[in-house]
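I have placed the structure first, in the form of structure tokens, so that the comments after it can refer back to it.
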């Protein structure tokens, strides 16, 4: 490995996490961030602020050059227009079924605009339930209204 | 209009809502359901239980035949593999960017499985915020673990 | 025409504009908005504030019901993933060739984020040039930085 | 590395830029060109005139064979018909929403024709704004009218 | 037919041509243009100058409103990304097989640039040949060199 | 390199051409063929007759095994359904805009049939012009009439 | 039905065939052509010579204007890139599985070239077989060798 | 080469055939099968019975492990939905143009069903013809009628 | 309704079934066939034998012409390459996940071949289960072995 | 091989199975699971419980690290939207033809909902039949009813 790449860093993180028997929740707590953001930044879907990148490098014993790569703005790419993995497909299906509803309610409650996917955060929690526990996903994004000029 | 179709019912609902100056939130309250579910059922993306269909027909003054159509199981179709409307596209983008993260955290918290998109519900609320109000979306779906046999 | 649709309004605008011998620039001036925004709102790609919708209805002699439709939040749809019209394709080509460059320079000048396409405006002007006049397009969008949480 | 390829040159430029702590703006100034063009030529989306290629090779300490490759006419390829990176997607969305408007205004101001994407230049600047700074993109392309014969 | 559309004009031209037993070559001669351009403008793939539109309306006895529609800048749309008609597919195949060759020779003879498809003309002729007559297609487009700035 | 592949031969040709400072026109003259055919055969889009393959091997000092590979019938593959390179895209656009016109004129001048892309040849020349030199492309293909049986 | 279209003719043929209890084989015999060609011309996938069109019009009692439409060169369009009908899909599968084999054997027996799909004919027959009767399809197309020039 | 793969076997066959100056017809004769089947099995599009695999291994001097791989059931994959090679595309075009005709004639001669692509065989021969030799392809597949139950 | 089409018959069946309060199971029993086959034939995805078509026409009071249409071999078309309806998508997902497994086990138990989708039948039943009732689908198709020749 | 990957494990399983002359049925019996599930888990389409992974590692003599990889939740990916292999395509075809029927019967027997593809199992058996043995596939999935809220 002549030059450390972003893909190498991802692989090193996964391997170090496995060897140390850590969880994403545990890593997130160590660097003082949420599990959702920590995982997505570790996978190269978000850039890390310098202090968080340094904390992650320290926590997992990554090579020093990894820090700079963790701070870079990644080009976000997903190969599958329609995801095949059943767990991810269900989310795509929710967008297909409920997308127009979300749009209609944003318009009703805010006006003509959107929920930002940039000024955005998300939590995932496990909710106990007598008929079977449930996955709870909470998204929050800033409302952005369309301009007229 | 010889035969009332599901598309006719959707058009009649939108027109009646406009003329009466109603909101989805108001209609939902009238029939005792949530706004997300009410809108999606009105648009033909969910089937209505008989009592809710009857309540909607009464509330909006729809023709009597509309009730049966509202109770039918719809074939859920979305034409655009990647939605072009900016408000709906942002949701698609969130699935692309955070889909693998949601999958990883479900596995960490539950095991090998998915969040159901069938035994599922969702709320959308407006959250005040000094830097600009935010859209909050809460999804809850039953965890389903993969079988081995 | 039983019910006036958004498509009817677009057709009525184009027909009224042609009969009156107006230009988009002229119509825009009449309602006190820019030509880019005026055309896109007239075509159903942007919603009009109530006063602008009223002004357009008055200026072009549209039926009164048109105003409400002009104020509705449109679902923005384009059918062609890759546009075939040569004039529009050139813009697509510019995104393909210069998209990564725009991304790199936004990151260099602002940080990890994007240019908003919602809090956004655009002008198009003709610039005289001895070797052939040039089209000048100016876009301005708010910088939105990615969240970490 | 037996033969230096265009991809190698791109990688060497990025690596040299990082090690020297340079910016695209700084590199552009050194070779006397704009940042937009400099980045796109460095990435292999534009061919460099011989003197500019020589200047870049000198400025970044690239191997001598790199100059010839920087001068070659590249085959411009982008893999994603619809770009997934949010920063680049927003530009695609602008083409979808405002493409027909740009076409209509070119026709109104010039006649039946297009804005060239070949005899073309672009600038990107940061504009301060009390509600949040803005990205400004200025494109200029020669108007080309359709022939009749 | 309340409003004459561009599609109506195309249909009227085809029908008038058939009834009068005309050829595209004959029509082109009558209006003083080439057959290629005349057919493409009649089909709505090119806009006509006012005098040519008037000449066509006169020659084929079209309704007076047709002239304005023939002068409009058309939005050029083709539905099939890969054409299925064998006669048109062969042209697509030629682009696939010889496209890179045409690019290489343009670069060799002119420099880094393209052949314009806007400042462009084409002729089609029948060439007698002892082993079977041949179709000859001649295209001519202005060379446009890439800018650097 | 254990076994010389067709891709290796292409790379060797390009490299030898560069080192010797040759042009496609020059190479074509040396082997007594046209530049269009010579380039396309060198790139693996046409098979070479034995004497021409031998001449090319001699002219560029290629390894002896290259001759057999140059004589093989290649499987013609292009990856991009719609080419992104601007120079090649313009040709695709010409097929989209003028394809139906070429079809109509072939039918008018010959009958129900096509222009062959197999019994086919092409020339590309530079034509001087006071307003900017032009690219001239001449295609000639045998007319093939549909059978009835 | 103001103007008889090609689609109308197809529908009239199918309806007349049904009412008269005819078969494609019978119709083909009446007009003195093969069943394959007769069906494809009746469906608008081949143009008919004048005498055959006249014979078909007479045989089925079609309106007189149908003859001209049957003689027109059709634009051959199939909507499904991959056909879904099982009977037609099997043919597509055969091309996928055996296409490279057919290519290799044409090259071995003829040289570098193709089997024409224009100077082409086909027969379909039923062959009795003790383990179940078989469909026999015989295709014959002129070999066309690639040009070099 | 640690483990011999199916792709290795294909490459070894092609190389051995070239070195020995054999033809597919010759190899087919040696192993007592048809050229179409022999080529397709050699390319990994059909599995070989043990004795035929052994005969091929012996005839071409392949390594012993090749036999087992030649007997494996291959997963049949073709990458291009629409084949670009002109020789293979013509077959695809024939399916597009004549597919509905083949379906109609199978129904007329057999009933509601298909021609099997599994219980299937094919021959390719060269037929002399004064106007140019012709490629003859004969396919034979068992008729399978749809079940009702 | 001048001419009764296959689509009309489908609509009449659905409407008659609704008015009479019938189930598919009930209709199937009346005509002496299985519910799966009866529904698919009623929807135009299978042709009906004459006696079954007559029985269906009688049972539902369809117009007499419907019988002939029910007997026709339908062209089986599905518009969505990947079905969006959640109930149908789950079946597509099962093919994606378990397709290679089904192939491997068919090969292990039968040899190199496939399960026919033509000589095929299917049952769907409800199976009671303490943790929630289950859908049971049983498919049975004739094994077809690949030919060698 | 520095790090054992999931792909390595799949390859090792296939190789060990071949060398030991085992069948999927045999392996499944050894680890006490069904052949369908065993094959799909071995191919990386299902995660293995720890004891089953240990049993497989022991049975096939896999390296110890393989166990952890067999227990990981795989990301399920299939590359081909429409599978080309004839054996797998037939399953896709069954979904296209009978998907709407399965949906209709689920609704009739259960209500508005789906058959789960997660809480799911499948068997494949060989059924003897005088006209040719048949493949029997039995699927069983939990019925999941849509929520209303």
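Side notes on the structure shown:
Labels for the chains are A, B, C, D, E, F, G, H, I and J, by order of writing; each one numbers its residues from 1.
Basically, a residue touches a chain if its C-beta (ideal position, glycine included) is under 8 Å from a C-beta of that chain, and two chains touch if they have at least 3 such contacts.
None of these values were measured; they are calculated from a predicted model.
Note that among the pairs E-F, D-E or B-D, D-E reproduces the A-C interface, with over half of its contact pairs the same by residue number. The greatest centre-to-centre gap from chain F, using C-alpha centroids, is found for B. Look at where the CA atoms of chain F average out and do the same for chain G: the two points lie 32 Å apart. Distance from the chain A centre to the chain J centre is 30 Å, each centre being the mean of its Cα atoms. Here the CA centre of chain F is 48 Å from the CA centre of chain J. Multi-chain contact residues of chain I (touching two or more other chains): 36, 75-76, 78, 81-82, 84-86, 93, 96-97, 100, 103, 113-114, 116-118, 120.
If you check each pair of chains against the touch rule, the ones that pass are A-B, A-C, A-D, A-I, A-J, B-C, B-D, B-I, B-J, C-D, C-E, C-F, D-E, D-F, E-F, E-G, E-H, F-G, F-H, G-H, G-I, G-J, H-I, H-J, I-J.
Against chain F, in their complex, chain D makes its touches with residues 3, 68, 75-78, 81, 117-118.
Chain I meets chain H in the complex at residues 33-34, 36-37, 41, 46-49, 52, 73, 75, 100, 103, 107, 111-114, 116, 118-121, 144-149.
Put simply, chain J touches chain I in their complex at residues 23-25, 35-36, 39-40, 43, 45, 76, 78, 81-83, 85-88, 90-106, 108-110, 113-117, 120, 122, 124-127, 129, 131-144.
Those residues of chain F whose C-beta lies close enough to touch chain C in the complex are 82, 84, 86, 89, 93, 96-97.
Residues 15, 18, 80, 82, 84-86 of chain D are the ones touching chain A in the complex.
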